[in-house]
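Note that chain A is present in both complexes that follow, paired respectively with chain B and with chain C.
Our next item is the complex of A and B:
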């Protein structure tokens, strides 16, 4: 039996994952709703003064999106593991890391990108300064793929477990710390009028590194947890 | 097979290691306790007061060795995890997982003693300083490794998964350290240097180094003791464990 070219396998995988998301498109809204609710909790807890909210706006939006992404991570391999198609991926003759990179890319497109689109809106709810808005979007565009890639490695480690939510958070959040520092750091620098390019460049460098290494690590982790 | 490889294979087999570790661990504990007491006497009684910090500085005789150990234990764990993943050596898996709780304990002691010192010196128990934060992240990394190891049913698979996480963590550790430094720093710089002269009086440095030695030896004693239990658990169905159990029952 011929297994076809790797490119064909990747595109089939991408098409399948996109179709699956589209068939359950209601679920795709959940991360956005979650982020919106978290954002709404902050003025309720801290009081509605615009100055105070403006000061913390970028950081709060960043953390809210990070947490929303964390909750969405679980869906990356869950259904594939349950119906057995994840094992077929591991057994296929194509490079597993490439297939997983496709899966992670689709997951980022369908969960993180909508969050980035609504991020300026969420910022507006907290009176985010105009000068920060596009820095925030740029930082998120660089940071969220990084979060997805790092998160995917940890999800691969916990893939066989029944209640992995809390444990996943424990594994992932320490690894998210540098991303958060640089991402939110760029926004804070922009807010007080300092140059913000350096942290963004660091994020970009880390993203390039993770794009190469994280799928390999993810494949290794998946082989461990499915062995 | 030459003598060295033979010795290596022999010591890696669970029954042999169990026996050797059982003989070594009490010695490690004893020497560590002795050295620790000497170091404490040197640090708390013999060493002069600091001209600026008074007696409060004396906590470094606990704090600094534990901080060194928190990193050393992590490197030990990651090195063993690497060996376990590459060469599939059962003993390395157990050694790596045995060092995680000890490293976490050293990290915890570092954080507690640091905040005890911070209260009189900085006027606060906790501050979001670079070193404190990266030490806290280190503690979370330890917890992650321990949590993952405890969550997976199959012990060998659990050790491999947790070891892999430890390896990811060790890539992450310098990045955390560097990024947090860039973010905020208040902690004083290092006074003890490996290269070049240390910025510390010799009456203060010998108790510090003795305590560092004591904590290292204690760490190895503790790892050996934990590894013995890990080996018993892993090989619970094997003959050599049954023999030990029967011997103890008879005694």
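Our next item is the complex of A and C:
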């Protein structure tokens, strides 16, 4: 009898989740379409003056991506909770926090990363300044995993409840605000030629902290949700 | 196949595989079941009997470590239970089968094998054949009937390299062949030194050998007991 290594369990989980995303790829496109629509609507509502759009470009892209992420957040544990897979994860002999970290990583890869890839294009729709483009990408690369990790803890807390959408938004938004402030702050600083490294480093520090703590909190919250 | 009592005799010198002492569970101060005392040795199959709402599922969830008992203790091979020690030794079949509908039967089992490991001499493919689903390996689980899904879930239990099976309503949704299959799997598991706890509300039951019976009565003050007294008065 072999109970298998933790590495094998993690890779099986990652492979399964990626296959699932591929089989439901229609759903996976939703956040990208959502962000695209939001950003395409801004010039229509505010008028096409490049100066005005340029001023708000980074902030709009940031907010659109944050909301798109929020849209996809509830799916993180929902189906696993409903079909009993989550129980099986909890009962496995491997550290639950590590398995959940894998799930969150796959979720980030499939929901946030495609958006980051298209973010420069989305910025172009709003005349985003060249100097800000790569700061925006760097800020998003640091901020979106942070949002996924914070969001995962809140999802884990609310997954046992029916219709938890509103509660989830209420829990998550105050925690998302500092991330938004630092991320958009870095872009704004870059735009007016101020040093932008400090807010990025703050984001990086918070990301490191969340990488370590969020999976543990997530595991504890899920055990509570399941009991 | 030899009768179970003969094979299980050798295991009786060791501490029981699973032992419950004064085990009780209450949700929001409302007793669900217990206190309950029983012990199960390797090679024994026990049937948890009780009416709907008597706490059979809750008992299995407590024994699997998903829920913490409100009093009493569970010992596994003589040692008090902690989740970390427990999980490599338990396979749980609950009402939600834990199968992904978008994946095929085989993909579901491969994932289970990756997560829980697999029993020596078995592979996801042979486990699937073992529950009579040879031709269904590449069929998406969504397209399987409820009984076939149950069989895939049973294959997952069969595949897990564990001694203790906790099966919640293993007979539900199964046809007559399926019921025989469950009994055959249980018998083989018991003969191999394994232990199983199964719940059933009595329509079908483990028939080979003489399974231990653990009657489950609702905890004192439970709504159910009030209903029962009322029903008896009517009679």
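Keep in mind that, in the parts below, the second predicted complex is superposed on the first by the 225 of 227 C-alpha atoms of A that agree within 3 Å, B and C clash if a C-alpha of one lies under 4 Å from a C-alpha of the other, contacts with A are read in each partner's own complex, and residues count from 1 in each chain.
Rule of thumb we're sticking to: contacts are C-beta pairs under 8 Å (C-beta built on N, C-alpha and C of every residue); 3 or more make two chains touch, one makes a residue touch a chain.
Please read all numbers here as calculations on a predicted model, not as lab measurements.
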{"item": "Chain C versus chain B on the shared chain A, clash or fit after superposition", "value": "fit"}
{"item": "Partner chain in contact with A:227 - chain B first, chain C second, else both or neither", "value": "both"}
{"item": "Touching partner for A:110 - first (chain B), second (chain C), both, neither", "value": "neither"}
{"item": "Touching partner for A:182 - first (chain B), second (chain C), both, neither", "value": "first"}
{"item": "Touching partner for A:191 - first (chain B), second (chain C), both, neither", "value": "neither"}
{"item": "Which superposed partner A:171 touches (first chain B, second chain C, both, neither)", "value": "first"}
{"item": "Partner chain(s) touched by A:153 [first = chain B, second = chain C, both, neither]", "value": "first"}
{"item": "Touched partner set for A:75, first chain B, second chain C, both or neither", "value": "neither"}
{"item": "Partner chain in contact with A:87 - chain B first, chain C second, else both or neither", "value": "second"}
{"item": "Shortest span in Å between Cα atoms of chain B and of chain C, once chain A is used as the common reference", "value": "6"}
{"item": "Shared chain A surface residues [contacts with chain B and with chain C]", "value": "227"}
{"item": "Residue numbers on chain A that touch chain B, as the complex places them", "value": "153-154, 157-158, 160-161, 164, 167, 170-171, 173-175, 177-178, 181-182, 185, 206, 217, 220-221, 224-225, 227"}
{"item": "Complex contact set, residues of chain B against chain A", "value": "137, 140-141, 143-144, 147-148, 151-152, 157, 160-161, 164-165, 168-169, 172, 175-176, 178-180, 182-183"}
{"item": "List of chain A residues in touch with chain C within their complex", "value": "1-4, 8-9, 11-13, 15-16, 19-20, 23-24, 79, 82-85, 87-94, 226-227"}
{"item": "Chain C residues touching chain A - in the complex, by the definition given at the top", "value": "64-68, 87-88, 90, 92, 94-103, 107, 110-120, 161"}
